[in-house]
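Consider the two complexes below, in which subunit A is the common component and subunit B and subunit C are the respective partners.
Then we have the complex of A and B:
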């Protein structure tokens, strides 16, 4: 009885977009799936837009055609392994999944035909393929006059800075800072989002803000229009203010990201998948070219998860899925798989300009054309653990996560049950 | 540099916890999950109180904390941290230091002793129960002790689980130890029932025993006391250590072969044995505790694991009802997911609604305290609203103090998830409820 060993059809490591999408797709295909993760993933930190391809290297207007060009030019890029058709399928699947989730009426809009340019907290314009409806009205081409609204309680959101930079981009923008009655001096967007869920509080907020607004200007707010029913909150706030309103992504915590996590988590649960948070992978066993089991930390003892398929979606350097240790050695922390994209001995590892492409940036777990890890034929790799991309420069992080998670599930499900392979 | 700690092991463990701080990237994921800081400004949140304040905490210097006393110790921050920072455990150390410096109120010395309370209340149950629900007494209790007048008070059953079990075991013995249709040789299992089952809800223990026996286990119940969790969570570490080690020793004596495991139905108490006592009370090196911790299972964790291997009986009759399930924070701290959800889904006809709010607010004894009762009710508000919206007539939850709080907040009955399995197995006619 003592040695705890749990059996599944597939075990997914990581609970960001890539992991949750892979697990949900697998569970939907009838597989018994467990997601194991050390903690909550990147959703809570990212804007929750689905950025497929924003820069290549110039700003991309039409991500679909640009994706084809990227695939042709860069056969080592994750998109080249996944293929443009599957990227499109994954996006459609996601856009259909959102409205069936726990947030009534909440939808994502957009397509691969054209990128939407949405204001960031700094007032730059960021290209995204799919965006939540709460951000859609921020699309730059439709934005003539705008008032960016902040509050002193949100110390990381500076409406005047955002407005000044939008003005430089040719948008007639000004800012308002509204004192909110909150019981503490500073509060993050999550705290205020919970207030927005309360209709009475919203009414008061809109009444106070109305007095400061001018005719014909849209309102840009930090992303905090509620957690439970953002569709209704947006409609209500627009109705009360009598104008178009949109959310601007903020520094963490990301309210739209928490919504996205809830949508994916609930889809996984609805499909019967198991989600185990707090379960760091601490070791694994091998049988030749296959991973036989992974052990996760649990209270009192480690648990072994055994499955014919594993999906590694533990992220890159930022999440600690891949680490560079103090001896200059680089590892995939969960499974110790071989990496690709490392600068050769003696070559530069870093360049002095922080936001330039860093030589280490394309490091990831080495994979074949089906996203199988090199040296581990039953491990599929998805998300930021893949080599060959520089998501923060390309504006491609969520697109890669979504499409590779989708693709990994397709490969595994096809092998688990060829007749029931997912469409 | 660190100054002298209470003992060598303390220093080692405290430094291990402290070392995890270096991994904090200030991502705020813990803040999004903290039940307490999301409803009150009195607790600034796990990131502020933990990784950010820790640099001001110096051994031998006075405690810099006051707000850390408002941390309820639920542990969710450590679970969601993607970088492995031991936030809750660090804050527990800080709370202990604060309490040592400020002194422990008499209240904390009383309400953290469920065994004493149980022994006093059981023979006098009708009077004790009346008194605990008698408003003038509760007002007096609030004024004198600081136990909030409206806080949920458990009801003494007036009988003890262990007494029932002795009788039950004797009957089983008389029947030749008949274990219903199990494998040829019954597997032995040691049952840790905890104080809640012993004094307040003995029927839950009876159900555990009957379910285990139905699945072919031979159940052994050692003489046992409290696990020390209430003491630990109120910062009374020295007392907590004594209590948990005594329990570990008592349980270990009954684990006579390597296949035998220990199972409990009080999920926060099994977590105390598995992990919290080792990490928070700096008892990593204690051989009895380590031995017990590696072999302890929460009842739902065990039953689901049996099911995963095809060893759980599934002769369930349908229960055509809806149930709202809430996974307590401390259940989630086992890091095994939410086994009760999958177990309940095995019962035909049963419609299971997963509650997705953070916490019920009680956090053991936190919500009993007069200065924290309102916070605890605000924390629980989301859950109470979700339960109401679910339309379920009853709530399932793995922890007894959480159940008392949920019933207090929702006015609905609440039971351990195994109640549904027990009913679906058709065991209820045995008169255990």
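Then we have the complex of A and C:
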């Protein structure tokens, strides 16, 4: 197998929110950046809201102040390393980036002042700091009467159960199941989202749905209001139905997640960054305390990527960035860096109650206060690969990913050259 | 208080109890069957799925081997739809005594178990993942049997003949009038309602719990020593033949391919409590090492789930003057009229899944004799509902059926190919509100994703059932997740841990099940 070398200022491993944000920021600062990844990242699985802090452990109304408290109480938490100011900067940067992307007019709204409570497909209310405009009308405090709409063709969304749980939470909710004429008995939200991009199809959909709606009720739909122009699709559907409409995230693949990925990918491209999917990091070389190169295997040959800086954003257990083998040893799969947060000897890895906090959940790559990996001074760690957080329980995944990616870029860019430093 | 009258009351809805009910119904008796849980939720549903040829017992326990091969042949006819003819193979690995193969061949010939030694090359050709250094290989007619399908087929057969199957009805008292047992009081675990069942004869088919039930009837000395064994399901068919190590039966020496998985088993540890379903880390580690001896690379495969079954090992502790203490793997039928002077009451325990039909036949023969009647057993010739064609189950059948109309059908569980209409039918037919019970009937959520994708869908469909509240659907969903977690927790490593974390992402990150309204 032939091997060749490519040189960059920074190489980012992973294409989730953390990796794409770090790479985009570095590219925007003038660095030559490559993102290498085994596949597309976790965006395609997640609701695509930016959850900064939802539970601590009770539901958080104001994530900004709660963040300060968390930082004080948990110095080992990623937010404590990043700092509240950078979280705020990263959110502002992101909110400004979205409208300049490939989806005209599509925006994220919200702030660290209060969490928005959005219905899940099960009808629970989930707190998020920033939400795409397509979901904003689902905010619970603004919902008086709502009709949750699904279709039997979509097995991944059950409107009656969603509405029934919303009713239990005190919202006047009912459901409608709409028979859609589709050529398959089975479609996921991605397939239906492509229909919503078609104006004629949308018109037909709205005409059929209108007949089933009552006055003064908002409409909640599974998250599938188009991939190409969701801003226009939302406006059009709202106009035709004459009421407020919102999306509810459901099982993967996540349509809003794919939009988020496209926004970040296009920002990276616009800034001159390079993205290589299907390039799993299979080995790395070292020079003392530094990583000298990482090798990917793709298209039948190994490619070495050489850079003064590396950002490890390959995720936690769910993304395969960290693994636990059958002899109960844990590894960082890409670079083999030391981990932190492992349960102590004799302590259980997982506890008996599924919904309790699991001791293994806080495992991540050991880092210093600047997100530098222990034992590898030119590797910065971002996203779910960081130790100390329980993202789903806390409702903090995207907040950590966004802010740590932003911070990692800041650290690396500051060292690359004075002119490239990010303010 | 509701009162039911019947001829035969069977307590215990495992393979044996359901087999007794089926046998009795075929003989024309009116039957009521009760179980404290769902059918086959105890020992029957917690084994590796192997239909023994008898080879495993040919050296150690020739009588068990003879029973197994006879029952194996009968069940292939009458329960064909529940059995996949994988065949079985004993292989001598470098860790095994090379001379045992000769003893095995001799034992099989003596007990009538079909056996044929094949060349190592042929064995490795048919099972390429086997250890390449095996030195001998012997084919036997082992197979796999889907116990839930078998038990429910018998249950439906009983219902078709007017019998009543009452899962989730725990016995709270045994009715005894003088020297006779006249039935039992049962309590519906779901509604709390109590029912008195009056019966001409009561059969205690509670397996590992038989001693506890006999105590309730005031009968002493029925001791069942529960033997705990763990099994691990690996996420695909590492082998397509039942593979046994060619040695005296021991721990971790069988791999059974069944449906889409392969199951490695098992261990045998005495326990005091038949409800002891604990799994110890050292047992898991030992089982994975044992897997490596048969199939190198076993540890790299995904372990889906681990569970514990509790064998009933019968020990008659009733003092009889002579030394009759005997712990046996064989089954034990106790006619309490003869043993204790208590009429109309029988206990059947011990034994193994492969011989459940024989145990039922012997039990009902004794019942019929005590009643002074003459009604012959027909379970060895009458096919179970669904097995009338005598066509054995073939792997890929579900897929072949689905492929024809894939475009018109919504697949709720992709791993196990469970379509929507099948799920809806099962919910309607059973009236069940418990997704875990539905899992046992349909294999819903038993594949690699362990319910990650299908259980939200199934909860939504369940909720659409008449009268089902969101609260009930939510708790059914959360209970299912907890139940799955129990079986995954001790074996979470490698890609299955990754899968499990992905499922958490769905349930906690996307759906936020933790914060459903309460």
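One rule holds for everything that comes next: the second predicted complex is superposed on the first by the 419 of 423 C-alpha atoms of A that agree within 3 Å, B and C clash if a C-alpha of one lies under 4 Å from a C-alpha of the other, contacts with A are read in each partner's own complex, and residues count from 1 in each chain.
Just so it is clear, a residue touches a chain if its C-beta (ideal position, glycine included) is under 8 Å from a C-beta of that chain, and two chains touch if they have at least 3 such contacts.
Please read these numbers as outputs of a predicted model, since none were measured by experiment.
In the superposition on chain A, contact is made by A:252 with both subunit B and subunit C. Residue contacts after overlaying the shared chain place A:4 against subunit B, while subunit C stays out of touching range. More residues of subunit A are in touch with C than with the other of subunit B and subunit C.
Of the two partner chains, subunit B is the only one that A:269 touches; subunit C does not reach it. Of the two partner chains, neither subunit B nor subunit C is touched by A:113. Of the two partner chains, subunit B and subunit C are each touched by A:184. Contacts of A:96 after superposition: neither subunit B nor subunit C is touched. Of the two partner chains placed around the shared chain by superposition, subunit B is the only one that A:41 touches, whereas subunit C remains out of contact. By the touch criterion stated above, A:320 is placed in contact with subunit B and with subunit C alike. Of the two partner chains placed by the overlay, only subunit C lies in contact with A:121; subunit B stays clear of it. In the superposition on chain A, the residues of subunit A touched by subunit B in one structure and by subunit C in the other are 45, 183-184, 252, 319-320. For subunit C in complex with subunit A, the touching residues are 288, 299-300, 303, 407-412, 420, 453, 456-457, 459-461, 463-464, 469-471, 473-474, 477-478, 481-482, 484-486, 489, 492-495, 497-498, 501-502, 504-506, 508-517.
Subunit A contributes residues 42, 45-47, 55, 59, 120-126, 152-153, 155-158, 160-161, 164-165, 167-169, 183-186, 249-252, 254, 316-320, 323-328, 349-350, 352-355, 391-393, 397 to its touches with subunit C in the complex.
Note for the complex: subunit B touches subunit A at residues 23, 27-29, 31-33, 38, 41, 78-84, 187, 258-261, 271, 273-275, 293-296, 305, 308-309, 332-338, 341-342, 354, 356.
Of all the residues in subunit A, the ones that touch subunit B in their complex are 1-2, 4, 6-7, 34, 37-41, 44-45, 102, 183-184, 188, 190-191, 194, 252-253, 258, 262, 266, 269, 274-280, 296-301, 303, 319-320.
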